[in-house]
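Naming follows writing order (A, B, C and D), and every chain is counted from residue 1.
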């Protein structure tokens, strides 16, 4: 039970962070299909920080350092998307896909190059961070609390406030809905879209490091993040581009993901003797069914996916 | 301090002197000069594509002119973006509203000039100011309503409030009346006069000469990017204005012969159509006929179910109950395609959304209703491109559709007027028994309107049925043979244009009076 | 399988210069170049690719022999053949291939390149010859293949675990490939035998991770096991031990390593004493032996043979290709080093028989309650 | 004389102004710049062998010294390019209808599952297996289309979900035809030789590469067919109209829901056939333990865009992408990670994003020149 809760929260944290990232990007009008790639780059930055940081430092410091580096990596990488899609009006789905492929390849190449530089015999793309990773968690009884759960929660609250209560949020959403309108009242659409994409880079970058530290103390970058970025997109759409709904959707998805791993701990589930594949399919089937019932009224930001051109009307 | 002194010296609020603006391949404004006096309503008149919107966009900072200077209160200014314009007190209601559909009225008004405290929006402060403004100028709005839920008129009021909220002194209205109902137009005219009285200077673009005559103090005319001249309204008339604008005489009122209607072509019985947006019926239990050789007009204020009525007739929306017959054939449950092939043509209300595949060539768009016919496609399912081209060239010639590359022009790049001509050519050349035309002249200049009216009347004269849906009373009165007034989804009156007056129609349109109508 | 060919064929073909001098062994030494082709995984899979790679590299560095490795574009015979062709084209004449998946690639290339020496690991005669196999432990004249009896170290580990007093065990396989299956089947048999001896009621969770690396999903499953009472998990497959160790460390659970003595690796990272033992097989030793033999002109002793490598000696365990690490295993009163040595002796003498059915993806036992969970992912 | 010059200049410009020519130039530019960036990456990792490495990638099968081997491996590259082309066409076809078919990966999986199941379990001949793949892929497409048309489910999301569902389902189904001692499905050639796609003597052209089958010419023919369908038929007219202007399509009486579903059926079928084109050659066996969706479908996105969203261009783009991917496996792995060729193709795809801008830039330059020239004449 505790485990189910723990892993539900852990998976949900990843999904919340990344889905919120997608949410900011799309509210600014840019579809970010490259979340998966950004996650990988954020994860790489965070993992390398964990690897090199002095693990005897106070854990708060370690958590902060990891956060900062993941954010920087995610943000820098997402600039590739912003640059191509905002300034050069590139097809957003294409660039997003390219970023996913690129991140997987680049992260592996970078990790390998670093490893080889350290030890010519180590051509692996694995980054280990056993010692420093311990700083990320606190055991509360049987429950293993992860600081990133708190980060995700804070991100959720902040996202809500920023989108609905601040000037920035209002302007950002205007750019995703009707950029011409935003432009006509003196809002710099390009700037706002850059902001949206960079925020998505920041959140997805953090999501990446949370994902790879959620269960293990080393990561092999050839494996990427195994489709979590796409799952987060589903969460975002399921959550109707609204932070609170995204939070709930992430919990639902996280729950089923966790259940598929820990079901053997529940006697009645174990007794059902359902093949493992079915549990594995469950999160996808459930989300498909739920989407089928909820999508009729779903409304994406109107201008998302359409490059903004000052000249056109 | 010094600025105000200079300002006091100048007679003009804004002067645009020798403005030239080029787009690739076209000079949209060629050395244009207009001067806006303080406290006046200055009309700007010109054909479609004459360069009015462009000129206003230059003033509002959306475009930068290649040549020419802009002076505010006699002092030269640089306007590089809407922020500069706003700082100079220039505001604009755009031809196509620039409102965020899913935002509230309030959010739209404050967008760009939000009041914040500690980074958080202070909406209450804004709400107070908006309420004050709307009371002062008689602009009724609900600040918390979403734009997508309110009428076009309300949206326009929101746009005006946007300018007032920014304390703008110079107000630009780009074709504000094209989308309004007669009552709303009257209201707007009144508001504009009030604003002018308050000392605001107004630039007003319209194709409707009557409006200009009734509200403007002076009028400047553009033709093909060139400045033609400025006249005082008190010293001119509609004929002179249209001559200035087009360069020839225009027949402003359509003339037609009397004709006795023949057999019933369209028979509608107790039709009810649901509304997409709201959870009720937009058209309630409506019955009427349209006969050969008559133009029946559905009049009414926008949003009273006309759109849904046409959707129901054309099959774009399934009707909940009732019966539709076309030339005696029951088409109640027929598909859109079946209706079309059974002799129904439909000039849609929204030409960009429904009327055209904007990224297709003109030729492809001209066969949009007929591409599947043996004339244009082989049995194996191949398009006969040669035939399509030939047919397109014929229509382009016959209906005088102007475009840069003939049949190969991408429709998106054509002017609104010519896009509309293409649709009309396509729908009329199908030789339909019934032609449904929804606001076919919206946003077009008088030359184009004259042309379209002639086409509709020609259909009628050839003995076919025409159902016209229009919001413009003038149009309704001048070309219809029979008028049906629609109010809140019901037909509330039937009139003969020869024996009724716009005033009487207005009463029915506003729901003040009603009588039984039936087929 | 066919009989190994005459001496000269194997060595002479390696280089045209060497031909003249015929069987001069030292001359031939300078002329061989070693290439390894990886299986589906990379050489960093913390499993057989990596062990093989490291063994080759160490040997070649020490002997100043050209060595490189090739990684096929994808997971198919065609692509493995492409790399073998490339290696030969690049002048490599000893090709080392870890993994049963190479069987078909060997069938396709062995006869094409009679002068090249193929060293295969884990490729069984059945893999090579299919249903028609005569099981005479012979194969193409220029191929040597070593197949390990993984069921033996698996058996030892299972036996040891129960004897040590653990009653709630877990088996976490990587992917269900033959070697992993054999380890697992042996593990079950060993536990079963020990349970029978001690009379303890033993439970065993059995699952495959479906990948050779750990991640949050697998750690979650391992947490479920450990927190549900599992005391020791045999983490059998590449880097998958990371998930088991991660979960074990939280509740003071134990782990059994695989392939090599993983005590240092796992304990070093996750805490002292987590690894109770490792089920080892001598991949590195085999590679070393074979390459040395080639260097020393003794390839003919191996050419054309398929060796089932397991227990060679009941007395001197250092000669065996499989076993438990004697230095790092956490011996206790109920299972001492001597108990282990006796077990080896019994296995060697045939007193204990272990079945090696690599089709036993879902094993069963009499005295152990197996809770089979299939693929976790 | 000056008229002469003017004429050739005008001709040159008009060639440059042709969209097809621009697409080709743009794609080539992407490739060149992509390779250059890849080269820089190689230089950073190890400057010494970088030049040789980049040449190796470009040479691909030409790195084999013998012509026979080179031909054989040219065959291998083609064998893998064929399914890639099919996936690319799948994505492209749907893209024309305004649908982003990221589910091609799952439709590919479905096609693989169906064709292998029919071949190995049911012992069907190759043409029936091909049909089965077509139907299975098509049905996965239809699922996406149905959800989109009737329930407004975003096709990207349902596609992604179905990719995973497809993977697990196919793993389960194919478990019944896997080798007893490995996670791979049994050998196609040995189990049911009749299910192997016929070669019609093609393999002779490629040093008897047994994987070279009619799949390769078929894929090219299908690409041409798609081109014809899209640009010359009523169906293509409707599909594209539905894609760019859904409401206008509905207005003109096209059945836009039917078109969406039909489009995705065809898209799915193309991807499904693509899988059959690979798995029915025996080139690859399905591993029933794979836990990630094969990348073929995603790589198709790349090929489509590099091909300038044109079926004919996509033929060449698919080949090229496969060419450098295969080339990457010949790199010296002791020095360079093999992922460097993935890196290069990813960069090239990224650069494809700038194609639109490039064309715009080119066109406005041409226009400006024209204007200037006209101005000068006056």
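Just so we're on the same page, contacts are C-beta pairs under 8 Å (C-beta built on N, C-alpha and C of every residue); 3 or more make two chains touch, one makes a residue touch a chain.
Note that the structure is a prediction, hence the values are computed from the model and not measured.
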> So which chain is farthest from chain B, going by the mean of the CA atoms in each chain?
Replying inline: C
> How many angstrom lie between the CA centroids of chain C and chain D, rounded to a whole number?
Replying inline: 39
> In whole angstrom, what separates the CA-based centres of chain B and chain D?
Replying inline: 46
>> So the centre of each chain is just the mean of its C-alpha atoms; given that, what is the distance between chain A and chain D in Å?
In response: 28
> At which residue positions does chain D touch at least two other chains?
Replying inline: 291, 333-334
> Which residues belonging to chain B are in contact with no fewer than two other chains?
Replying inline: none
>> Two or more other chains touching the same residue: where does that happen in chain C?
In response: 211, 375, 377
> When you check every pair of chains, which ones turn out to touch?
Replying inline: A-B, A-C, A-D, B-D, C-D
> Taking the complex as given, what residues does chain D use to touch chain A?
Replying inline: 41, 44-45, 100, 102, 147, 151-154, 156-158, 160-162, 164-165, 168-169, 171-172, 291-293, 298-299, 301-302, 305, 333-334, 337, 339-340, 342-343, 345-347, 349-350, 352-354, 356-357
> In their shared complex, at which residues does chain A touch chain D?
Replying inline: 33, 80, 84-85, 88-91, 93-95, 97-102, 104-106, 108-109, 112-113, 123, 125, 222, 226-227, 230-231, 233-234, 237, 275, 277, 280-281, 284-285, 287-288, 291-293, 295-298, 300
>> Help me check something: in the complex, which residues belonging to chain C touch chain A?
In response: 42-44, 50, 54, 57, 205, 207, 211, 213-221, 223-225, 227-228, 239, 242-243, 246, 250, 269-270, 371, 373-377
>> Considering only the defined contacts, which chain D positions touch chain C in the complex?
In response: 63-66, 69, 72-73, 76, 79, 180-184, 187, 190, 211, 283-285, 287, 289, 291, 325-326, 328-330, 332-334, 338
> In the complex formed with chain B, which residues of chain A make contact?
Replying inline: 161, 165-167, 170-171, 173-174, 177-178, 180-187, 299, 302, 310, 313
